[in-house]
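Should a chain be cited, it is by its letter among A, B, C and D, assigned in written order, with residues numbered from 1 in that chain.
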Amino acid sequence: MNASVAIQVLPNVQDEEEVIRIVDEVIAYIRSTGLNYYVGPFETTIEGDYDQLMDIVKECQHVAERAGCKAMSVYVKIAYKPEGDVLTIEKKVTKHHQ
Amino acid sequence: MNASVAIQVLPNVQDEEEVIRIVDEVIAYIRSTGLNYYVGPFETTIEGDYDQLMDIVKECQHVAERAGCKAMSVYVKIAYKPEGDVLTIEKKVTKHHQ
Amino acid sequence: MNASVAIQVLPNVQDEEEVIRIVDEVIAYIRSTGLNYYVGPFETTIEGDYDQLMDIVKECQHVAERAGCKAMSVYVKIAYKPEGDVLTIEKKVTKHHQ
Amino acid sequence: MNASVAIQVLPNVQDEEEVIRIVDEVIAYIRSTGLNYYVGPFETTIEGDYDQLMDIVKECQHVAERAGCKAMSVYVKIAYKPEGDVLTIEKKVTKHHQ
């Protein structure tokens, strides 16, 4: 697995419930991709093939747009090893949640 | 609770096990503060009082330094409401892990 | 102009001159796109159409890969207004550099 | 010079002119510290001593607060070498603006 990304979509919306509604639609889209993902407090991490992940990141903002979001700030982290394996979500997180 | 922060300490170290060792020492420090925290794949989130959280963020790099880290890149997110409550870790994450 | 992105490619390389060489190749690629861009100390900002910008962001890591980078951490900011104009680089920066 | 930080204060405010007003007050505070700084489209970079920089980062949100900002998201990058020198703003930017 050559890549892992973490994305935070921050709708420029005053009402917190509206923020949560839009963010939940983006997370539902991420779930629908079938890739392994992990929801954290500020960002959702997805792991897989770099090019596929970047297409998913690109689509997340269109999902927010279709959910009615008129303006957004988005923050993305990418870990990429062209010829190797990045640390998995499982290796980075599991031991800290037992 | 007026603030929540998320911190990623990225040691500039080639060996992945050494990265994990240093990051685990930072997480152990965060745990020692007694504040509510949540370890995600790319960052650890802590919630509490803004000023206290920023002192913890500042100390995290000294913890990495004492763990032998000679150079680091650090990425911090801060949510801050001077006179209100930010969304809690629990509200943002729990429903996605059931 | 519906979007603006800022990208930091952080090669996981010990030698600083090698980091600069790889980052300069990414900046040269960004310049070659012909879009308006702005190099800052930690990230390069590009403004234009959202979908085109995301394709450029995706390609930046392949440019670093071809420049010999075996592992990288990348940090991307996106400002996106599906039906409006985001603040321009010129509006956000010029007055602070006179 | 052991550290360099880059900070983006994103007021949770709908009106763009109000965002600019608050951000400009934070930049004015950063200027008042007398340290070398550089305003980019998404973030302002400051270089100097790590501990001093972190105190400035902490104060930036209080400046935004006093400027009337009721809720904010803040994104901070830190480069820190406990016993060495980080790349300077000048080394990272000047050649790209000639």
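Note that in this section contacts are C-beta pairs under 8 Å (C-beta built on N, C-alpha and C of every residue); 3 or more make two chains touch, one makes a residue touch a chain.
Computed from a predicted model, the values in this text were never measured in an experiment.
Across B-C and A-B, it is A-B that has more C-beta pairs touching.
Taking the options A-D, C-D or B-D in turn, the interface that duplicates A-C in more than half of its contact pairs by residue number is B-D.
Between chain A and chain B the centroid-to-centroid distance comes to 19 Å (mean Cα coordinates, whole Å). Averaging Cα coordinates per chain places chain B and chain C 26 Å apart. Along chain C, residues 73, 75, 77, 79 each make contact with two or more other chains. Chain C contributes residues 4, 6, 8, 16, 20, 27, 38-43, 45, 75, 77, 79, 87, 89, 91-93, 96-97 to its touches with chain D in the complex. Of all residues in chain B, those touching chain D in their complex are 50-51, 54-55, 57-58, 61, 65, 69-84, 86. Note for the complex: chain C touches chain B at residues 10, 12, 14, 73, 75.
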